[in-house]
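Below: the structure, in structure tokens.
Chain lettering (A, B and C) follows the sequence in which the chains are written, and residue indices restart at 1 in each chain.
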Amino acid sequence: MNAETSSLTSDRIAETLEVLRRVTPRIHCITNAVAQSFTANVLLALGAVPSMTIAPEEVAGFASSADALLINLGTLDETRRVAIPNALGAAQDAKRPIVLDPVFVNRSEIRCAFARDLLTERPTLLRANREEMTALFPSREPFKALGDTATILAMTGAEDQIGASGRTIRLGNGNPLLARVTATGCAGGAVMAAFLAVEPDPVIAAAIGVSVFNIAGEIAAERASGPGSLVPALLDALYMLDGQDVSKRLNIIEQREGARA
Amino acid sequence: MNAETSSLTSDRIAETLEVLRRVTPRIHCITNAVAQSFTANVLLALGAVPSMTIAPEEVAGFASSADALLINLGTLDETRRVAIPNALGAAQDAKRPIVLDPVFVNRSEIRCAFARDLLTERPTLLRANREEMTALFPSREPFKALGDTATILAMTGAEDQIGASGRTIRLGNGNPLLARVTATGCAGGAVMAAFLAVEPDPVIAAAIGVSVFNIAGEIAAERASGPGSLVPALLDALYMLDGQDVSKRLNIIEQREGARA
Amino acid sequence: MNAETSSLTSDRIAETLEVLRRVTPRIHCITNAVAQSFTANVLLALGAVPSMTIAPEEVAGFASSADALLINLGTLDETRRVAIPNALGAAQDAKRPIVLDPVFVNRSEIRCAFARDLLTERPTLLRANREEMTALFPSREPFKALGDTATILAMTGAEDQIGASGRTIRLGNGNPLLARVTATGCAGGAVMAAFLAVEPDPVIAAAIGVSVFNIAGEIAAERASGPGSLVPALLDALYMLDGQDVSKRLNIIEQREGARA
């Protein structure tokens, strides 16, 4: 991996988006009940093929025949608690990238303990906001805590930070109106999973996923009159997104090569 | 409580909406599978913060750290049947307002019996349409049946009636197109829960919830070309709603002070 | 049944749509978690009344008091596996039409075996795409395999084919953008169930359902800027659809009378 292939540029985002649309990767999503429909629509608008079953008997087959796996811990009921390890094991055996999104671990200790267990399995990417990160790593700075493992971290917020082991990309795209629509964060995790399926460098793949979703969100917010009209506009923007949009809007705050570069 | 603070006026609605947007109350919703996503989006558009898990192990924690609880009996499966008493108990211990929405009790005897049990726990508000009320109280006029308890009743329909113990508010806002979108009634119950979290008089809180939702529905129906475009328009209208909209449109058919006033 | 009443014409579609809107049939749907909300909205926009519970204790009551039953095998978890036979038996006892939609049987052997079991119960209609049909009938041409039973087949795709025992209708309406929205196929199955509730000839009912849904999809695709704006436009188009739209757009590729005509 040379310096060029390991950096984020608008050309690289546009090319990878092209690849994704040509490859149409299958993404299996174990996600919360609130996010299922919107997440499937986001993946379809992007150009990926979602499957969404959470039935414990079925998830291993779906996960191993998919190109990436999303595990989102929202609405973590008994069925999901059983299905998640099944899907995780199948995806690991098939060497598929895995995204873990520990929704609301800051509001449920059971869920937080479950997420910590999953982290020992070294998913490819951990996506969380600052409150969730603090709940998971109460005594350490998250990027350092994760530095010991193979897991990449994507901390989302007004500014998004992606990295591990000193390698860091900080991104500034997005619009506050996205936070007024349910499951936008969850769907963003699915978009990262879709790019992990087609881009081998996981830091770059995660950064592309964040950028594509947030740039589409910016375009949509400019066209929307509120959070209701934002939803169709966001899906349309993901579907129509091209290299010009990316090149005009991409906001890289910082890109720093570390031990891995 | 004086006569002024216990009456519904457009100024009071506008002020309470301001309070809600500033406070951003957390509303925990145990609601049906069809309504979860739309209900979360309605609460976010309004200015509240939804949580939606139905996992029995988690709901007590979510309900007690929320500012109000919605219990909606649609798609009443085993998980929900176990979760609801857990959440109800936690909300009662934390002295949080509780809204009960006994969806389709007129079409399921099991559900009707379950709803009657919940009513003995005296939720703050019972929200139902006429058919559901008749199923719950086959031999008595609902407002009289509920007069014995602390529970406020909101009977929805072309005209909405809110009250208890002789105190009554009848409201005439809304649009028939709302009935052509699934879960508008369910989401309306969540809006009432959100106002119960910030307004101490439960009759007024319920009436504000009904009015805000239905006025947003009127605005949306005027802009929509059908039930599809009504959904984004309704969320946008909730997000943008201001005192002028309320003052221009509020339709109070009757407001009568009773024993409680 | 004479030749005239058993053929599909735009006038017949328009008249049956009128009947449906007047009768407002109740359709009980056991469908997947991703499709529930959209399917309910499609049925409401069309003019039918959906119910969506999957609780095993409740489904028999809902299915027998409904005018048709949809069984969709997406997200086939334990609850659904128990609920489906309960609902199926109740609908059979009440002599209600039943639509079976074996989503993704080509990706799950458990689901495929479950679907084959259900087929022995002779549902009124089997709706599936070519991959799902091939998984169900690996060694026989589907229309011939089903010729032995009372079940009508609707094979969906760029071209839709409906028939049984030599009787065939091939239809060419629709738009590729529909495939970029989740659950459009699932919702299309619900529309067929709604027409089976009001039209006694099941081949004609299925063909009307396909045509109405796909013509609305064409109208919507012309108005949409992508898959996001397609959703509200599709619901609006279903709600507004009239005889002129049908007459202008209906695309019957072939209509052939067989043994049943």
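In the analysis below, contacts are C-beta pairs under 8 Å (C-beta built on N, C-alpha and C of every residue); 3 or more make two chains touch, one makes a residue touch a chain.
The structure presented is a predicted model; accordingly, all values stated were derived computationally and were not measured.
A.B. asks: Same residues or different residues: which describes how chain A and chain C meet, taking over half shared numbers as same?
C.D. replies: Under half shared, hence different.
A.B. asks: Taking only the C-alpha atoms, how many degrees of rotation bring chain A onto chain B, rounded to the nearest 5?
C.D. replies: Nearest-5 rotation angle for the superposition: 120 degrees.
A.B. asks: Could you tell me the distance, in whole angstrom, between the mean C-alpha positions of chain A and chain C?
C.D. replies: Each chain's C-alpha centroid was found; their separation is 34 Å.
A.B. asks: Using the touch rule from the top of the page, what residues of chain C touch 2 or more other chains?
C.D. replies: Those would be 33, 37, 231-232.
A.B. asks: Hey, which residues of chain A end up touching chain B in the complex?
C.D. replies: By the definition above, chain A touches chain B via 32-35, 37-38, 74-78, 104, 107-111, 179-183, 224-232.
A.B. asks: Report the residues of chain C in contact with chain B in the complex, numbered from low to high.
C.D. replies: Its residues touching chain B are 33, 36-37, 40-41, 44-45, 50-58, 61-62, 65, 79, 231-240.
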